[in-house]
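Presented sequentially are two complexes of chain A, the first with chain B as partner and the second with chain C.
Right after this comes the complex of A and B.
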C-alpha cells in the first residue's frame, strides 16, 4: 500500500524535528551551560506545574516523553528487561520501566539516557505510578524529590483540596528557593503562566480545526506534534512552533484538504498511542478511510490555565486535569468530543501500562454509547512495550468494527 | 490446648466469622446495619460513630473476570466487583473507598455503575502525609465523610459519638497488639484468621470475643525452637494459605505487615491527641505506611527493618498480588533494605491470596535457605 498517496504529510514536521532536536541537544549539554548560569535541571512528570520551575530558571526534562522516544526507537523491550532484572515487575508502567532501564543501562538507551537531574519533581495528578517511580529515582540519584499531591477529584474541586495544593505549592516555592538560591519573582511566574496559556490556546485552536470535514489532521499527527507542548510548554520556541503549525493546519482546513485522501469515517481515540506501532496500527484505519479526528490524550495539554492568583491558578489547573477525575467526567468529555467533532465511532486503547486511564474505560464505553448511540471498540495493547501487541486479533477486531460502521 | 470451654467457644466464633468474611452478616446480626469498605485507610471509627458496622469487602474463592475490568487488574478489585455483581454483599447501607492506589481509584469510580449497593462514598486522604496543609485537608475530608455517613446511618456524628467509636477501635487495636505479640508462639494461620475476623464482624462482639479468648491463647502459646522466623508483608490477604504454608513447611510468621493483618491495627507511636478529630487525623496519618502513601523515602523500609529486627526475623516474604503496582514498586527498596541487614527476602507474586503448588516449592526452598 502506498501510504504517501493516502496520507498527507505535514510540512511542519521538519520544523518539529528541528525544534525537538534543539531541545534535546540543549538538555544533553546542560552540564556545560547549566552550571555557569546557575540553572538546575529537573526531571519532571508531565503534569507537574512547570511554570513554577521555569520561574526559577530550572530546565525541565520529561522522562515520560523519553519513554515514548525509547518506544519509537525500538529500545523499550531491552530497557524494560534491564529494569525487570533489577527487580521491577513487568506489570509496571512501561514508561517507568524503560526509563529506569535507561538509568541502569545507558548503553542500551536512545541518546545514552537523559542528562542527570539536580532535582526531581512529581505531581500525582496523572497516576500513583509517578510517585513510586520518582521515589526510585530519588533513591538512585540521591537528589531532592519534590512531590505535589493533588487529591483525586471524585466530584468537583473542593475548597479544602485547593487550599491543600496551594499550601504545598508555597512549600515547593521555599524548597525551590533553597535549591536554586533564587527568590521567587512573582512577575516572572505570572509571565510564565501567560506563556503557558498562550501555547495551550494555540494547541487547542489547532485541535479545533479538526472539526472540519475532512479533518486536516489524523491521530498520528496529533501524537507526533504534541511533543513540544509537553516539554516546551511556556518556552518561546514551543509557542513559535505552534504558530507555524496552526498556520499550516488552518490553510488545510480552509482549502478543504484532509489528512486522509478520502475521509469516510470519523473516529475519536482514547488513551495513549501504541507507540511501537504508531503508523502500522493507525494504517489499519486510514487505509479504509477512517480518520481519528481527535483524542482525549493529546487534548490533556489543551487545558485552560485558570486566571487569578498564580498559586491558586496553578492549584486548580493541575488538580483538575482529566486523569485526576471521575469516570463520569471522562465520559462527559468523550461525549462532547463525539458531538463537537461529529464522530461516527470511538476506539479505546486498553493500555496495560496505564491503569488510571484504562480500568474505567469499559464503563465509560458503555455509557458513551448509551448516550450517543455511537459505537466504541476496545483494543488491548501497551503504549510502549511491543511485547503486549497481538497483531492478528487486533487486525480482525479493527476490520470487524470498521465494517460495522460502513 | 485451650482449657476454658468459654474461650474455646469464643475462638470458634472468631474463626467462623473469619472464614465467612462477612457472608451472612445480616443473618448473624439482624439488628446491625453494615457498611462495606476496602482499605485500612477507611476510617472505621466514622462508620461506628454513625451507628453502623464496618464490613471489609474481600473477594470470594476462585478467579473472577468481571466484564467491566480488564484482565490486568488485581484480583482484589476483580473479585470484589464480581462478588457484588453476583449479589454477595446484599443489605449494605453503602460502600466506602479510601483513595489509595490507581486501581482503587478506578474501582470506586465504576462501582456505582457496575454494582451499586446503597451509596458509594470516597475519602481521599493526603498521599504526602507530612506535606504542608495535609493535616487540615485530612481533617476537612474526614468531616465531610462524617456528614455523609451520618446521613446514611441516621445518626449525626458529634465529638461524643466519635470519641466513643475511637475508644472501641483503640480497645480492639490494643487487643490485636497483644495477639500480635504472641505471634512467635502461636500457629501463623491462626493469628492471621483472628485478625481478619476483626474486620468483618460487629466490632463490640469482636472485642468481647477476642478479649475472652486471649488469656487462653496466652496459656496455650509456646515458642517452638526449630522454626524459621519470617516476616510477611503485603496488601490484602483474604485467606490464610501463605501463613499456613509457612507453618507447614517449618517456618513461623513472627511479624506481619499485611494490609488485612496487623498493619490494619497498628497504632502510631506517640501520645494520643485530646480532640477526637485531631486524634483521627493523627492515627491515619502516622500509622505504619502502606506503599500508596509517602512520608519521605526511608520510612517504610526502615519500619520493616525495625520490625524484622525486633522480632528477630531471619527472612521476609513480600507478597505481591499480581498487578498490584504499589506493592511491586516497594518490593525493590524493601528487599534491598532487608538484605542489607542480613534478612533474606522472597518476593512472592500471587494472583490472589491462595498459594498453591508453585508457591509451596518456592517457600520451601526459601525457608531451607534461611
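Right after this comes the complex of A and C.
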C-alpha cells in the first residue's frame, strides 16, 4: 500500500531551467539593454494580451509567476507578512501580497525582487483583484497603468462584448504608441499572433499526449513545465523549448512509459497548484499509484488563437478565458477532461487566494459527479501561502478518497 | 488457530481499542485519553485488554490502525478513519446511508453506498467549531462536567444564540450570556445548537439519505442528538459511539487475515 513508487524525471527539465534562467537574467539586466534599444519593461497579469505588447517591443514580466517562484523558494510567508504589516488584508490573494511584499522588502525576495516596470498592464479576465493590486503598484512606481476590462461571460461571447473589448484594445494601442514612441506595425502584430498560436498548439499537443495510459506526465510536471507558456508565450525560445518537450513526451507515450512506475488511478486536478508543498502534496497521491493526468489550470494556456483580424482575435481569446466564464462552462470543461482522459476521479483545490476559481467549486463538484459518476475530493489550501496548509487533515482526506476508489 | 482481531483508533482526544472474533463479535473494548503519546496509550490498552481476556499478543491474527496516530502504531495496515467509520457503521446498521461523526477535532459527514463503501464525505476545515473540542471548551467555561452537558441542555426552556463560527469567539459569547444572567441549561442548549448547525451545514455538501447514523464521542451528548435530529430528522445512535471506527478497523483487519495478508 505505502511502497514508494519511482517517479520518472523528465530530461527536458535541464533545458527548462536554462530557458527560464535566461529569461529572468534577461529581465534582471533590462536596465542595461532596455534603454539603449528603446524597449520598455511591463509588469503584466497572466491574462494580458501580451502579443500586442510584444508588437511594441515591450518586455513582459509576470508578477503572478513570480508569486509562484517566491512560494517554491519558501519566501512567501515573510513577504506576505511584510505586506500585511503595511495594511494589506490576509484575505487578499497571496500572489498579490507576496509580490507587494517583494516591492516593499526586496531584501526578503528571490532575485531581490522583479526589475522595476516602465508600465503596468492588467486584464480582469482572471480576477478583479488585479485591478486594485496594479493600482497600488501604479501609485508606488508612478508609472502608467493600462487596464483591459473583459466582461464576464454568462454564456457565449456576444458581438456586443467583443466590440467593447476591441474598442478598449484600440485605446490601448494609442496609449502604447504614446508610451513607446512606436507606431503599431500590423504585420508585426500578425507575426506575434502566429507565434502565440504555434506555442499554445504545442502545449495543447503535449497535454493531449497524457490521454495515453499510463500517462506520460503527472500534474507536477505540467505545473513546472508550464513556466515558459506563461512568460515566453510568443517568444521563439519558448516555442523551441516546447518542441523539445513534445518530443520527449511523445517518446514516452509511444514507449508506454508512465510518469509513475505503476499507474493505478487516473485523476484530474482543478485549480492552481499548492506551490509551497508541490511535491510533498502530490506524493500523497503518487505513492498510492494515483496520477493526475490532466488539470484545468495549465489547460488555460492551451487556448486556440484564431487568425482573423488581430484585435478581434485578441478580444475573443482573452475574454473567453475559462476563469471569465460561467459555472456551467467550467463544469462542462471538467466533464470533458474526465471523459477524454479516462479519469477515475477529480480533486479540487479550494484555494483561499483565488476566489473566482474556488467559489463555485462545490456546485461544479456536484454536477460533475452527477453527470460522470466519478467522485470528487475537495482540499482546502492556498496556492502560495504555506500558513494555509495543514498537512494532517489533508493526508486524512486524500487517504480516505483514494481508499474509496480502491 | 487464532482468530482474534484488533482495531485501534488513535484519535486526537481519545484512543480506542476493540478486539473482535472471526465472526465480527466484539470480545472487548478499551479507551483512554490519547494525551501526547497516543501510540503508547494504544499499546497499553491493547496489552490490558489481552490480559483481561487471557490472550497473548501472538494470538491476534491481524490489526488495523486508524485515527490521527495511525501512522505511528505498528499494525498490518493503516486506514483512514473515514473508511473505518463507514465499515463499522455499515456492520452495525446495514441500512445506514449517511453518517455524522463528531469526534475530538474533526466532524464529518460520510455518505455510504449499499454495502458500506464510501460514496462521498465532507469534513470540517481547520476549525474546531462543531467538534468535541468545542464542547469541551464550552463545558470548561460553564464549569459543567462534559457528561452532564447534554442532560442539562435538555432541561433548557430556551436556547442562547451562539455563533457557530469560531471556538474562541463562541466562548466569549457564552461568558457574556452567563454574565447577562441566562440560566446555564439555556446557554448549554445554545452550545449544542451551534455544534449541530455547523455539522448540518456540512450535509449540504454531501446530501443526506436515510438511515442517518450519528456516531463519535459527541453522540453521547443528548443535547447535540436532540439538536441534530431537529435539523436533520431521526437519527440512529450506536450503543458505544466512541468505538465504531475502531470496530471498523478490526473488521477491515479481519478481511486482511482472511485473505492471508495479516500477520
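As a working rule, the second predicted complex is superposed on the first by the 401 of 406 C-alpha atoms of A that agree within 3 Å, B and C clash if a C-alpha of one lies under 4 Å from a C-alpha of the other, contacts with A are read in each partner's own complex, and residues count from 1 in each chain.
Everything that follows uses one rule, which is that contacts are C-beta pairs under 8 Å (C-beta built on N, C-alpha and C of every residue); 3 or more make two chains touch, one makes a residue touch a chain.
What you see is a predicted model; the values in this text were computed from it and never measured.
Chemist: After the superposition on A, what does A:19 contact: first (chain B), second (chain C), both or neither?
Modeler: After superposing on A, A:19 lies clear of both chain B and chain C.
Chemist: Does the superposition put A:139 against chain B (first), chain C (second), both, or neither?
Modeler: After superposition on chain A, A:139 lies in contact with chain B alone.
Chemist: According to the stated criteria, A:367 is in contact with first (chain B), second (chain C), both, or neither; which is it?
Modeler: first
Chemist: Quick one: classify A:359 as touching chain B (first), chain C (second), both or neither.
Modeler: First partner only, chain B.
Chemist: Have a look at where A:392 lands relative to chain B and chain C in the superposition and call it first, second, both or neither.
Modeler: second
Chemist: Which partner, once the models are overlaid, touches more of chain A's residues, chain C or chain B?
Modeler: Counted on chain A, the partner with more touching residues turns out to be B.
Chemist: With both complexes superposed on chain A, which partner does A:400 reach: first (chain B), second (chain C), both or neither?
Modeler: Touch partner of A:400: chain C, not chain B.
Chemist: Contact-wise, after the overlay, does A:161 reach chain B, chain C, both or neither (first, second, both, neither)?
Modeler: After superposing on A, A:161 lies in contact with chain B but is clear of chain C.
Chemist: Return first, second, both or neither, reflecting whether A:380 touches chain B, chain C, both chains, or no partner chain.
Modeler: After superposition on chain A, A:380 lies in contact with both partners, chain B and chain C.
Chemist: Overlap of the chain B and chain C footprints on chain A, residue-wise?
Modeler: Dual-contact residues (chain A): 362, 380.
Chemist: Considering the complex alone, what residue numbers of chain C touch chain A?
Modeler: These residues of chain C touch chain A: 68, 77, 79-83, 106, 117-123, 125-126, 205.
Chemist: Touching chain C in the complex: which residues of chain A?
Modeler: The contact residues of chain A facing chain C are 1, 362, 369, 375, 378, 380, 390, 392-393, 396-397, 399-400, 403-404.
Chemist: Which residues of chain A touch chain B once you look at their complex with the stated criterion?
Modeler: Touching chain B from chain A are residues 86-89, 91-93, 124, 127-129, 131-133, 135-136, 138-139, 145, 147, 149, 151-152, 154, 158, 160-161, 163-168, 170-171, 326-328, 350, 352, 355-356, 358-363, 366-367, 380.
Chemist: Which residues of chain B touch chain A in the complex?
Modeler: Within the complex, chain B contacts chain A at residues 67-73, 77, 99, 101-103, 105-110, 113-114, 122, 124, 126-128, 131-134, 136-137, 140-141, 144, 291-292, 294, 297, 320, 322-323, 325-326, 328-333, 335, 347, 349.
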